[in-house]
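Letters A, B and C mark the chains in the order given here, with residues in each chain numbered from 1 onward.
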Amino acid sequence: MRLTLAQIARALDAEVAGDAAIEVTRPAHPAEAGPEDLALAFDARHMALLARGAARVAALPVGADWRALGLEGALFLGRPRHALAGLTARFDRPPAIPVGRHPAAWVHESAEVAPDARIGPFCAVHAGARIGAGATLVDHVSVGEAASVGDGSLLHAGVRVGARVRIGARAIIHPNAVIGADGFSFVTPTPGAVESAKTTGRVDDAARNMTLARIHSLGAVTVGDDVEIGAGSCIDRGTLADTRIGDGTKLDNLVQIGHNVRVGAGCMLCAQVGVAGSAIIGDRVVLGGQAGVADHVKIGADSVVAAKAGVGSNAPPRSVLLGAPALPRDEALSLMMATRRLPRLAETVRSLKKRLSGAGPTG
Amino acid sequence: MRLTLAQIARALDAEVAGDAAIEVTRPAHPAEAGPEDLALAFDARHMALLARGAARVAALPVGADWRALGLEGALFLGRPRHALAGLTARFDRPPAIPVGRHPAAWVHESAEVAPDARIGPFCAVHAGARIGAGATLVDHVSVGEAASVGDGSLLHAGVRVGARVRIGARAIIHPNAVIGADGFSFVTPTPGAVESAKTTGRVDDAARNMTLARIHSLGAVTVGDDVEIGAGSCIDRGTLADTRIGDGTKLDNLVQIGHNVRVGAGCMLCAQVGVAGSAIIGDRVVLGGQAGVADHVKIGADSVVAAKAGVGSNAPPRSVLLGAPALPRDEALSLMMATRRLPRLAETVRSLKKRLSGAGPTG
Amino acid sequence: MRLTLAQIARALDAEVAGDAAIEVTRPAHPAEAGPEDLALAFDARHMALLARGAARVAALPVGADWRALGLEGALFLGRPRHALAGLTARFDRPPAIPVGRHPAAWVHESAEVAPDARIGPFCAVHAGARIGAGATLVDHVSVGEAASVGDGSLLHAGVRVGARVRIGARAIIHPNAVIGADGFSFVTPTPGAVESAKTTGRVDDAARNMTLARIHSLGAVTVGDDVEIGAGSCIDRGTLADTRIGDGTKLDNLVQIGHNVRVGAGCMLCAQVGVAGSAIIGDRVVLGGQAGVADHVKIGADSVVAAKAGVGSNAPPRSVLLGAPALPRDEALSLMMATRRLPRLAETVRSLKKRLSGAGPTG
């Protein structure tokens, strides 16, 4: 892939200077950039590294003196990190699966596959499934009975879409993600060990989990438009109705979403997050890596939960939560500070006690 | 699928009232139920929601006035959540893989596949493997050399069963689970960094992990009957003998079971739990989501471990453990309470000190 | 597989006693060993268990009286746990995939596959990919466009190698691992909720994540030689340059490595570890199970991080870190101790206060 500075500038609505006809093949770190690369030097530190590489052209902050940096051309980008989104989109190379069905794919005769969809080797599309216009299944993808994959979606290798699951348009689902496994839902005939432990603090004799009955998952999963689901992530079906992931929400790798969960729109769930059954996550919530949300908990819109936090109770919109169990940030930080000072506090108490004991007899 | 109220009542041993010939196609939330659904309204709150839906029939608590709710028929269920198990079982739709071998499956000539087993597209059954009566491999399933899958088991898409692994009868294994990867077991020629850190608190020069030798996993995995293993979960082989999962134990998604671990019968391991090598988990233990158990630790039967807990030492039967490092519940809660009060305690100490300092000269 | 005591002794450079011609088929626990097994009894406790089994021969500590134990032969091993590495290697049985391409595999005509490579059923090797000499792809493996798999590497069932990813020589990659999914990298046009929460502790109105722009991953992943990657683990591509895993590094199951991360040589990352984007892990670092490392954090060489720790700031070489947020071990232990004593401390303060209050009026 080769693009001229002029082409990139036009696509990103950016200013260009110098020789706009110079072609580049990829953006690169300034110290590693070769003569065919567009070096990215958005601040003074990175501009200083240009000398270590061999770039002829670079993307620079507005107003930078490109000639003084020894360049032959430059792009000027206002909000660098955001510009990176547009820039990397120009150079992205999606998997090269040809339009049509690979001879080593299997598609049930009752499935509906759009004529311009791309079905790679060893994909299995079961009865009644629907693959939308321009969608791509890379290889080894499973699409279950009566499931649907929206227009323009990209399902990478080994993705499993369960029966009756609905994936919206323009989804990107990374390798080996599983959408639509059964929920983890078992009951004991009478109140069991967990209920006993929560209420009495003990596991009473009668509360031992001697038998576990399975609650089957009759619901499926509904995934909105423009959703991204990371490698190895798992989203379970609902019990009666569907588990839901809102439009524009992004899940990182190895994320677990339990049965009946509703995740709002525009959320970001970082790697290894776990959301237990029936939790409700509002719009635009951010859950940091390895954070957990207990079952039936509601987290209000625009909340930010720190990495490794464990959210065990409801949180209003715009909460900022830290720790396990998670607390509002200010409270969590003050407890953390107080704990750090705890050895000194204990020392103070010891000396007060000594003084008081010493003072006692003589006072 | 269509069932009459009478058929459901008979299957669940429940009372029925009104028109027992009315057919329903699925159970549903009362507010969302249509005229072909069985609304589930097990308490007053859900009964009040019936008016929002269009259900003609509902499952109600014993003694509820179904006519006053505008219904044409009703089922009466004594222990609602437990009844849900039986009810959802009636309406469950397992994957529709036909009996026999899909033409796009590959089965080694030396493998033994029961005549009524169902082998879906792109399944690979290696030499000497055995697939039991009535078992189903949905699609893309791998069964390694000399491995066996018990009667009536259901292996979803992308499940990997390693060589010589034995899966019992009636297992349900969700997509992309891995049973029988090698254990994570490496040794240094002399005591290494971890041993040094544990004993001296430092990593001594001689203890740096300059070379790592691999201990191969010669054992396999033995999984009992009636076990469920969640999507993406991993169970490693044992070093000499097998890693073992007891009868009736249920694992949620993305659970990790290390080499040589023994998990008892009737356990429930919630999502993203990790059990390190050689740990022993007693019967009917419940491990909450994202909990961890350190290597060689023993947890006694009927214990309940809270979500996110980290169990680093042995625990007697019926332990209830919280926190990381995990402590008995009462101790953990009292520490948590004391920590919450820490800022106030520090304030008290400050004022005592001031008073004592002030009192000193004048006393 | 049958080996004589003499053959094993020669391979491990060990001493042998008694009948060196006795053949064994596997090493086994002394209590479980049959007449064809080599019992492992490296200490007094295990030697005492020999009587429970039926072993004719055993591996013993140097100097043990094998005749008194009723054995017909013995091997003497100096450093038992390290010897186990060599011993298990002799009896290891790798997957039996024949040399060549399975008829149910698909290899693009432009891919280069070494003549002695082993490509199992349902493997997909895309355009321009390269499979090295003696490499094995077990089954259902995906190798993306222009990716390469080094000589002698073993890729188990369902492994996904993304486009342009490079895997070194002698890698062992366990089932369903994903090397080369896209990084999780999204930006808001102006500073978003996370930045707002970090700087002000609140999510300001203007900071709500109303739109998320995707930064595409143009880099790939470079994995060194002699690396092992566990089942279900995920390594994301870099944004511009490659994410890197150093030579000899071992990853356990369900480990997450974010985009741009550099993991050094000889590291051990235990199960369910998460390393966020752009973190740098030095050589020979050990990360305990479920530990997390925040984005952009640097951990110096030879550091040891405890299970479940959360490393949020840079750590010098040979750090030993515990807790979340992680602290140097001595500090973490002293805080833990002080916290455990907190209820007693509060009691002391209460009594001091009482005494002082009582003393006040009369003083």
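Assume a contact is a pair of C-beta atoms (placed from the backbone, for glycine too) under 8 Å apart; a residue touches a chain by one contact, two chains touch by 3 or more.
Computed from a predicted model, the values in this text were never measured in an experiment.
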Study note, to complete from the structure: The C-alpha superposition of chain B onto chain C, two copies of one sequence, needs a rotation in degrees (nearest 5) of 120
Review point. Are the two sides of the chain A and chain B contact the same residues or different ones, given that same means over half of the numbers occur on both copies?
Key: different
Revision key, fill the gap. Rounded to the nearest Å, the gap separating the Cα centres of chain A and chain B is 23
Check your understanding: Among the residues of chain A, which ones contact at least 2 other chains?
Key -> 122, 140, 158, 176, 232, 254, 272, 290, 324, 339, 342, 345, 349, 352, 356, 363
**Study point:** Touch list for chain A against partner chain B, complex
**Key:** 106, 122, 124, 126-127, 140, 142, 144-145, 158, 160, 162-163, 176, 178, 181-182, 184, 186-190, 193-194, 197, 201-203, 208-218, 232, 234, 236, 239-241, 254, 256, 258, 272, 274, 276, 290, 292, 294, 310, 312, 324-325, 334-335, 338-339, 341-342, 345, 348-349, 352, 355-356, 359, 363
**Study point:** Residue ranges of chain A touching chain C (in the complex, touch as defined)
**Key:** 26-29, 32, 40, 79, 81-82, 84-86, 88-89, 91-93, 95-96, 102, 104, 120-122, 138-140, 156-158, 172, 174-176, 228, 230-232, 248, 250, 252-254, 266, 268, 270-272, 284, 286, 289-290, 302-304, 307-308, 318, 320, 324, 329-330, 336, 339-340, 342-343, 345-346, 349, 352-353, 356, 363
